[in-house]
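To start, the structure itself, in structure tokens.
Read from first to last, the chains carry the letters A, B, C, D and E; within each, the first residue is number 1.
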């Protein structure tokens, strides 16, 4: 690209050819007001706000920066009196058209225009006909739903004949680009945001600040390119692509596919973690009946600085709660078949933390319903003391019920063991410290790695005390909450152990295999091949030259199934031989008669 | 036509009754058995609108005006049979009362120089033979056989031909740019949109001499290297479309269009595309959008159409009148063309001289002629008792030139300097009965409808300017409105994207520039001197002057005037609809236009003592009582 | 109408076509036939027709114009011939038979047929 | 007659079909050689020796005694003991003596139900007085005694100790000849072992090609036309070959008939029926218990199928009484 | 083998080392109430249990036999050892029935390492069941010389 020099506001700027004046200004953060410009959309030149004075060969004239190319030798002045006068009048026109749009009021104020200077036809008109929505819908999303209709002053934006159309895929792109908020998305079933209220706000997002690697991912369910490709079964191939356009490192590749990697590994660390128990399973907490009854995980998302509310703790209607109740052991330490009998171990401490957060961020009254405060870790008890001093009301009794009152308030009733009587409090928000349980697909994982599970559903460690990270299958280790509820310090320790065990296994060089392996007595094997597909580890293979079957000792795990199967009795195990077992049976019945009582 | 006709009767006017007249003539000739000798030819419009339908008999040259079907028997008998001139149907010069019998002597045409309109009214536009007979396609033949494209371009550049659409861009330079632009597919486009209200010269040209445009386009296509041409005709011109279509078919049959024209190896074809009634599509980039089937919205200006125009390919767009000049330039040479007109505006320009002028019509005058000459010598000056107040040129994008400046020559530079512009050629003569504020309101009303609505200054700005002007015309304007109007107009002019927006304020700005006091009068005094703004106006009778002749009673549509013979009459304000008929007819200057506020309802409004500001005296040559 | 292949074919066509609209084009010679009622009665129409046929046969461009009665009823039908700014010669008692000779000698030859000429009108300067 | 240096050979026919006697005759001209090397000193079926002759012989008189047939009655048992005493080498000749063979299938029933079926319920029985055989009966002429009909058929090995077992129903003549040669030459394998048969199973000699055994459905022999190139077991026909000692030259599978297991279990197998059952069941292609149960339930008469020749020698010897 | 007159059945149980043997171990460690009638023989996998062991057990004098291992379809430490079991045992059931041994004397099933109580329950239940059936005493049939 050829280099050009263009002087803007007296400053000569070296840049590549092929850009517009506005692009050059934006790159060198020279402020030019715009309304109908968006970096990913074709410049349209409708609002004329970006008018600047352009001098070429000595002839100054006004042009719109968004459309006018930056040619070599141009002299541009972005803030002359004439330019300001034009913008002032334009803002008067816009303000008279859309008097109550905050953005327009703000921009108008910049030029000293505070009141509409012409008679206002429709005070709540919001659309300034900038055409951003039309262009994003047609050029980017390629849904071709929105366009201009009628001409001149009757010009308006809308779907064909201003009627609902099924073509609209509810992607919300128009609501995002609309500068004045004239388009709202009415949440219907096909609107992607209906499904994920607390979900990511855009189709491409960084999963979390701690994600490894910390790079954005594309949610193909809500990304327009994939939705359009599927919806039109391939006809519309390259809709949108805005992210690709703006990525300077052009690191975005839409052709990447999910790959199934098949790895031959020496050791496996199962760290499949936990999932939240479904709080709707105990109806008395009426989870799901009010947006203000949330689980602790949802509270964590709420108080997360990168979360939808930027870390502010707000009720569903966006105000700070005055009273918050936190209920411990929801679904834990409960014999109800829908709940778990075990203690989820980590809830007490995070509940205290959340109580502290509520107090700290909203100064609301906090009522914590608990049975026992299990502050077992280092510094935990001291934290518990501090939280109490901060004025969190501790009600020693499990929260029995949460009712949603007609007013929207939530009434939490429970028994206060210290006072010995029932208590109830009306709060604005209830946080349920719900139980944690093995993930839904735990059974599939167990089968995959030959893991067995303890009665409470967590994966069974080889030995609760002596081998907490190993499993019955050599080379498969357990790390973290997959083996049982753990908080962060315990998990880190447990995972460290698992990792070191795995590495140790890998570095051992040779591995001692178990002595219990089967062996074929080739004198008796008559190649009947009955045993061939019996072995789960395909340790027996047929040697064509010798016309006999042979066991590969490295693969054989010594289960003995082939020994029982061989009709000729040609396969014997080195242990648990037939003779040994026959002898045991005979031995059982050789015991002399029990001595008469 | 095997046999030879002795005489041709040219009916050269698109008047409503023309078809009826033509059939009557043909029947009569048939009946008189003269069909072999006499031929009736329907030609294009010859431009003399005020006395239409007109008939010229060739070779004698007899010129008859306002011929009605009923006159046909007498005409055939006297002229066609006996060869005598029918005095009754002669054109009478208003002033001199002397009948002018021969076409050549008509003053209307005397001062004109008809190059583009040369054939209009002379040949049958539907017959390619007649066009060829009068020298048609000779220029094309000369170009294809003896000139290289560059020579053609050089000739056009030397001729100084500039765009007749209004902007006046040098045609030669545009052809050269298109020729040099990269791309093997190029287009030649003829702009026949002519959206200006009051402009019809392109229509007359397309209806009257379609082949001239076609020949011009073929020459242009040879020059720029294009094989495909479009004529964009305004939807409201069905006859133009019809004649152009017939002309194109005939040209194709004669091998003058299509493959290997005249064996020269150059091929070019033309398609006609009808507009959809949008004035904005007269602007080149919006026109190309419309040609591409899209909504007529102008595109960014810095992209030159000669590089990336129609379908993003080099396109050379010229007004139909510009193209019609090309054959003549080629035939008569660039020097001949350059000798006509002024130092920087060469050749002639067709104008639609309309409004308050005796002989409105379609004229073609050399550049440089003064407005006064056009209005008085050709137009016959303002009607009786009227005085020219201003001349509006360029239609809605043009401006008004006050009577005091009528001596300026008509060319691109001087008109633009005067705050107006050449425009497509509309020339509206305004008299003292026209209110400048109302004229601006009229044009802005039109532009508000015609704005494509894409860019804010034009869409919103024009609407707001109109609101202010309407307020002025109905007396609700406030102080400072004029200044607000000016700043608003300035912004619309500078910030708008296309020609429509940029030129929309011209009518307002030029009227303010020359008639500021009229605006102030409207705002401060709520008084419209010309009486056009009805909400501000009241008509009262000046008792002393009124002789009670009763003329005004006869003309008043509302019967709102009463009074005895010879006694001062009286206007009932409640009933008066302010039409001004009485004012126009009163010889004695006894009726005065006064601000409505000054007249209390009921009563004669204090016998007409209006507020100051002398009512415009009518230009009356004495009080001689003329017979009706 | 077959396609025109070259400029010459166009020019050839033009010359043919020019003839057909000759009424509207300038020509030097004008033949005026007196068509008053008496003229018509005396056979002026046939004479004019003869003139028209003769002119088209010989491809001569000349205007044939009718006029009212000039007054010399005895000499009807009267035919005036005006060539350029030559004096206007009037022939009397013209009959269709005489037409070829008049055209031959007067129009083409440029010599007035004295025996039939009845008047000469010199145009004032 | 003894003392001419020739071997003294005795044959006895206990509870069997007599096929083994004929098998000896199958030696054809080789009988002459036998005659040269040995003298028949006891062969009730072919010669007229009487019990009292044998009782008269001194103990160990006979060099070899080929005892075929299972122990069904007290007489059989008596002879078994007698011949044991009288012969140096007692050979359980043929499947009946070695493992009970077809007569052994009677162990599914006991004496009482057998007599009832044979003498009373049998369709052709005409026994109005419901007379069943009695071991003793008074006749005017005196006391008649017939041998006692045991409830359970025993193998020879189960009543006395047997020196060698020669399996087969009947043993094939080359195998018989091989034994006789061995006896003549004296190099006999250690006492108690099985002679005249291979160490490997029938599959070793069978020509059918064996691939992968994955059986979706069991077929009885007559239900499908087996592919004569592929192993019958692979095609779902139960063949006892893999669990039966080879040596017969896979006579049956040569003509596409599945092996019935007459040569008895291979050396390492204690209970031939159980071993065959284990193999057959293990290769059933079923991933759920229901599917497995559905497939195996198509096998009628498990004991008849798996213990056709070896019920008395099986661990449980007989069905429960 | 009867003490104080009541018939005490002798039951042999073949247990897979990973699941039911662990359950039995846990039951023991947890001091769960179990009858002494069941003698356990440990094998690495139920796939190792050859039908001949069942016959051997009965032949030697067992009144009842139990076989128990990991739950199919996926608990088996060796992936599908238990598959072979549920293929063989239906056939063994048919065989035992033909031998005249009541089905009540032979139980095969699945008990995972986590189901110690279930094992204890099985031993109590099965012992009573076999007690009701009375002694099998297979060898008795061959005791008398005569028959």
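To be clear about the criterion, a residue touches a chain if its C-beta (ideal position, glycine included) is under 8 Å from a C-beta of that chain, and two chains touch if they have at least 3 such contacts.
Fair warning: this is a prediction, and the values are worked out from it, not measured in the lab.
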{"item": "If a chain touches chain B and chain E alike, it appears here", "value": "A"}
{"item": "Topological distance between chain C and chain E, in contact steps", "value": "3"}
{"item": "Chain located farthest away, centre of chain B as origin (C-alpha)", "value": "D"}
{"item": "Centrality ranking, top chain (CA atoms only)", "value": "A"}
{"item": "Farthest chain relative to chain E (centres taken as mean CA coordinates)", "value": "C"}
{"item": "Cα-centroid distance, chain A relative to chain B, in whole angstrom", "value": "70"}
{"item": "Centroid distance [mean C-alpha coordinates] between chain D and chain C, Å", "value": "150"}
{"item": "Between chain B and chain C, centroid-to-centroid distance (C-alpha), Å", "value": "42"}
{"item": "Averaged-CA centre spacing for the pair chain D and chain B, given as whole angstrom", "value": "130"}
{"item": "Of all residues in chain E, the ones touching two or more other chains", "value": "50-52, 56, 73, 84, 88"}
{"item": "Shared-contact residues (touching 2 or more other chains) in chain B", "value": "none"}
{"item": "Each pair of chains that touches, named by its two labels", "value": "A-B, A-D, A-E, B-C, D-E"}
{"item": "Contacting residues of chain A [partner chain E, same complex]", "value": "443, 446-447, 450, 452-455, 460, 472-473, 516, 534, 536-537, 557-561, 563-565, 573, 575-576, 578, 581-582, 584-586, 588-589, 593-594, 596-597"}
{"item": "List of chain D residues in touch with chain E within their complex", "value": "108, 110-111, 148, 150-152, 270-271, 273-275, 277-278, 280-282, 284, 286-289, 292-293, 296-297, 299, 301-303, 306, 314-321"}
{"item": "Residue ranges of chain A touching chain D (in the complex, touch as defined)", "value": "521, 523-530, 532-534, 561, 564-570, 572, 578, 582"}
{"item": "Chain E residues within the chain A interface of the complex", "value": "1, 3-4, 10, 12, 18-19, 39, 41, 43-45, 47-53, 56-57, 60-62, 70, 73-75, 77-81, 84, 88, 112-114"}
{"item": "Footprint of chain A on chain D - complex, ascending", "value": "199-204, 210-214, 231, 233, 241-243, 246, 266-270, 275-276, 278-279, 282-283"}
